[in-house]
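As written, the chains take the letters A, B and C, and residue 1 is the first residue of each chain.
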Amino acid sequence: MTNITVLLLSLLIPILLVIVVLFVLRKVSNKTKNFWTLKHLSIGITAYIAVGLFALLYLSFFGDSSIQVLSKSELKKIEKNIESIQKYDQEYNSSFLTDNYKKKTWETDFLGGALPVIINNADSNLNIRHLNNDNIPAGKVLVTYYQFPAIIDGIDISDKISLPNVYMSQNQLWIEALSRNEVNFHRIKASLGILDFNRKVDLDDDYPSTIFYLSSNFIVIETPRGTDIEDSQGVIQYLR
Amino acid sequence: MQSLTNMSFKTIVKKQVKWKAKLYSSALSSLIILQVIFGALLFSSGSASSGHGRGNLNVQFSIYSLDMFLIISALWAFIIAILFTTKSYRIDDLSIISSRTSSAIANILVLILYSFIAVLIMLASYYIQIFGLSLMEKDSLIIDKLIITPSIFIVCISSICLFGAIGLLFGYCFQGPSIIKISSIVLLAIVIISPIIFPDFVNLQPFIQLPDLLLSGFYVIVSILCFTLCIWIADKSEVSRK
Amino acid sequence: MNVIQCEKLSKKFGRLHALQDVTCTINGEKIIGVIGRNGAGKSTLLTIIAGFLKPTNGSCKVFNENSFNNIQTAANTILIDDRLSFSDYLSLEEILKMGADFYPNWQSELAYRLLHYANIDLSAKHQQLSKGQMATFNLVYGLVSRCALTILDEPMNGMDEAIRTDFYRAILKEYIAFPRTILIASHHLQEMESILEEILLINEGTVVTHVSVDELKEQLIALSGPSEMIESLLSDIDVYAHQIVAGVSTAIVDASKLFITEEMLRTKGITKSALTASEICRYLTNNKGSDIDAIFD
C-alpha cells in the first residue's frame, strides 16, 4: 500500500465517523432546540473554552510532573559522562564507580577460595565486573549494583530498570536479570506530531535524546584479595 | 415616489455576518461534542505512541499532541462549510436583504471566525483531556511542551480555515450553474484518482518541511484562492425557494 | 423611473419554457395583480424580478438596474411566498428583530399589532405555525418591511376567509400610509379586485394583457340571445366562449371588435352584459373553444 493510499484511508475513517456524529446530532438537535437556544449555545461554548483555560492554568501552576525532561545541556553532560565511564571501564579503571550511582548492595558469605558465579539471562546485557577489595574480610562477598543515567527520548528511566536478583545457592553466586519489564509513560506535547515527525531530520543533531548504552549499569562483585571468581560463562571483567 | 433605500454592500455583509455567526453556532457546539467523543475515545492511548526496547526494559510512550483534535476540527470545518451552501441555509438568506455575493462573503467571514473559535475549542478539549490525565496518571506524566507556540496556533487556524475553504468551494460548485457542476465533478475525479495511479507524483514532504509560518502562509493563499472562486461562482448562481 | 422593465424576457428550465418574450413596464406606486392559471409562469416572473433567477434571454430591470443578484434590488424589494423560511433557532419575535435590523423602513409596532390581531403567538417558531398563520406572518413581514417593491406571491394561501378580508384591507391601508409598488399574484382575483389598480395577465409564459382593472372589464362582454341571432354575429368577431342552453346561446366576445350598436342588439333580441374581471381573465386564458363540459359529454 502506497503512502498516499494509506493517507487517504486514514482520513476516510475519521471523516466517516465525523459525518455519522454530525448526522446524529442534527437529528437530536431538533428535539433539544427548546433548551439549547442560541443564547444557551453561546454560553455553553464560552463556558467550555473557559474550562479549558482553567485546565491550562491549573496544569501550568500545579501540574508538575515528577518526571523531568532533560535539557540539551544536561543531555550533553550525561553523554560525556557515559563516554568517560566507558573509557574508564575499557581501561579497567574502577574510579567511575562512585557512591551516588549505587543502587543496591548485597552482602553474602561463601566457602572456599574461589567463588563460582552464574549469570542467568546472560542475553540481557548485564555488565559484570570483579573488584578486589582489601577491606572485605575473607569468606564474604559484596555485590553492588550501579545504575548510571539511561536516557530514552530525553527521559531518564534509570529508576525504572528493575534490579537483578542476587543470591547464594549451593555456594554459588547467582545473578539473575529479571524478565522483561514494561513501563508506560504519557507525554504531553502541545504541538503537531505530523510536523515534528517529518521535520526531525532537520533537528539539531549535536545532542542525543536517547543515551542508553550497554554501559548504563554495572554489577560489581567485590571479593577479598586472593579470592578468585570462577567465571564459567566468560562474562566477568576485572577492574582495578 | 418614495426614495429608494441605498444600503452599502459593506453594511449588508456586516449585518449578515452578525446574524449568521449567531444562527450557525450549533456548528460550534457540534464541534465540542465531536472533540469530547474523540478525546474520550483516545484518552488512554493519546494521538500517537512510540516504543523502545532495551535489554529487559520495554518503554512505551503514549504521546498526547494536538494532531487528532486538529484533524477532527479540519474535517468538521470541511463538512459544515458544505452545509452552509445547502438549500436550507441559502433560502434563509432570501428572507433578508442579501445577494448571492453578499451571502457568500458573509459565509466566508463566518467560516474564518469559526476557524479561530474552533482552535480555541480544540485547545480547550486538549487541555481538559490533559487535566483528566494528570489526575488519573500522575506518576507517569511527562510534560514536554504544555503551552502551544503562536506559530503552531496560526498553523492550526490556517489549516482549519483551509479545509473550510475547500468545503465551501465544493458546496458552491455543486450549487452553481450546470457547467461548473460538471467541471467540478470531473476535476474531483482527477484529484482523487491520480494520487492512486501516480503515487510518486504527489509529494507532500516539501510542504511539511516548511517552517510553520510559511506553511500557514501557503494555506492562507490557497484559502484565499478558494474563497475568491466561491464568490465568483456565487455571483453566477441562481437560487429558488422551490 | 420605471420600477420594473422587462424586455423580451424568457426563462427556460431545461426543455420547459416558463416565460417567453415577456415585455412589460411597471411604473409608479400602485397595486398590481399578477393573474394567471397554475403553471402560467407568474412565480417564475416574480422570482426573476426579485433577482433570484437569471433570465435565459432578454432583460429584467428593477429600478433601472438588472435585478439578478443585485444588492440594490435586494435592498428595495421583498418577495413573500409560502416558502419564506427562517432559521429554526429564531422565534417569531426574534425574526421581527432581524427584519428590523435589515430593513430601514421596518415598522415594528405595526408588526406587533397586526400579529396580535391575528392571534399569533410571537414566542412560537416559524415552522410550528399552521399554514394560515404562516401565511399571515409572512404577509405581515412583507408589509412592515415597507420595501419600494413588495411582491406577494399568493399571500392568502391557507388563510381563512375572515382574515383574508382583513388583510386585503391591511394591504390597502399600508399602501395608503406608505405608497409603494405592490405586485400581488393570486388566484382569487374577485376578492382583491377592489384594491388593484392594474392587472398583468399571464398565460403559458406570455403576457396576455397589462391594463387597468377598468380597461380589463371593458375587454370582453357576454352576449346572450336566440342562437341564430348570436351565430350571425359570431362570424366576424373573436369568440372566447360559446354555450347553448335550451335554445339560448351565450357568447363571450371581444368588446373592441363588436361594431354593432345597442339598438341593433336589442332588435335582434340579444342582451349584452358585463363580466367581472375574474371572468374576463378566465376567458382570456382559456384554450379557445374548449370547456370542461365537453369532456363529460
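The definition used in the following text is that contacts are C-beta pairs under 8 Å (C-beta built on N, C-alpha and C of every residue); 3 or more make two chains touch, one makes a residue touch a chain.
Everything numeric in this text was worked out from a predicted model, so none of it was measured.
**Q** Is the number of contacting C-beta pairs greater for A-B or for B-C?
**A** When B-C is set beside A-B, the one with more contacts is A-B.
**Q** Report the chain whose mean Cα position is at the greatest distance from that of subunit B.
**A** Max centre-to-centre separation from subunit B belongs to C.
**Q** What whole-number Å value describes the gap between the mean CA coordinates of subunit A and subunit C?
**A** 84
**Q** Could you state the distance in Å from the CA-based centre of subunit A to that of subunit B?
**A** A distance of 39 Å separates the two centres.
**Q** Counting only Cα atoms for the centres, state how far subunit B is from subunit C in Å.
**A** 46
**Q** Residues touching two or more other chains, restricted to subunit C: which are they?
**A** Residues 89-90 of subunit C each touch two or more of the other chains.
**Q** Check each residue of subunit A and list the ones that touch at least two other chains.
**A** Within subunit A, the residues that touch at least two other chains are 38.
**Q** Where in subunit B do residues touch two or more other chains at once?
**A** Residues 23, 26 of subunit B touch two or more partner chains.
**Q** Which residues, counting only subunit A, touch subunit B once they are in their complex?
**A** It comes out as residues 2-5, 8, 11, 14-15, 17-19, 21-22, 25, 29, 36, 38, 41-42, 44-45, 48-49, 51-53, 55-56, 58-60, 63, 65-67, 69, 121, 124-125, 150, 152-155, 157, 160-162, 177-196, 198-199, 202, 210, 212.
**Q** If you look only at subunit C, which of its residues touch subunit A in the complex?
**A** By the definition above, subunit C touches subunit A via 88-90.
**Q** Please output the residues of subunit B touching subunit C within their complex, sorted ascending.
**A** Of all residues in subunit B, those touching subunit C are 1-2, 4-7, 9, 12, 15, 18-19, 23, 26, 88, 91-92, 94-102, 235-242.
**Q** For subunit B, which residues are in contact with subunit A within the complex?
**A** 22-23, 25-26, 28-30, 32-34, 37-38, 46-48, 50, 52, 54-67, 70-72, 75-76, 78-80, 117, 120-121, 123-128, 130-131, 133-134, 137-149, 152, 155-156, 195-196, 199, 202, 205, 208-209, 212, 215
**Q** Which subunit A residues qualify as touching subunit C in the complex?
**A** Touching subunit C: residues 33, 37-38 of subunit A.
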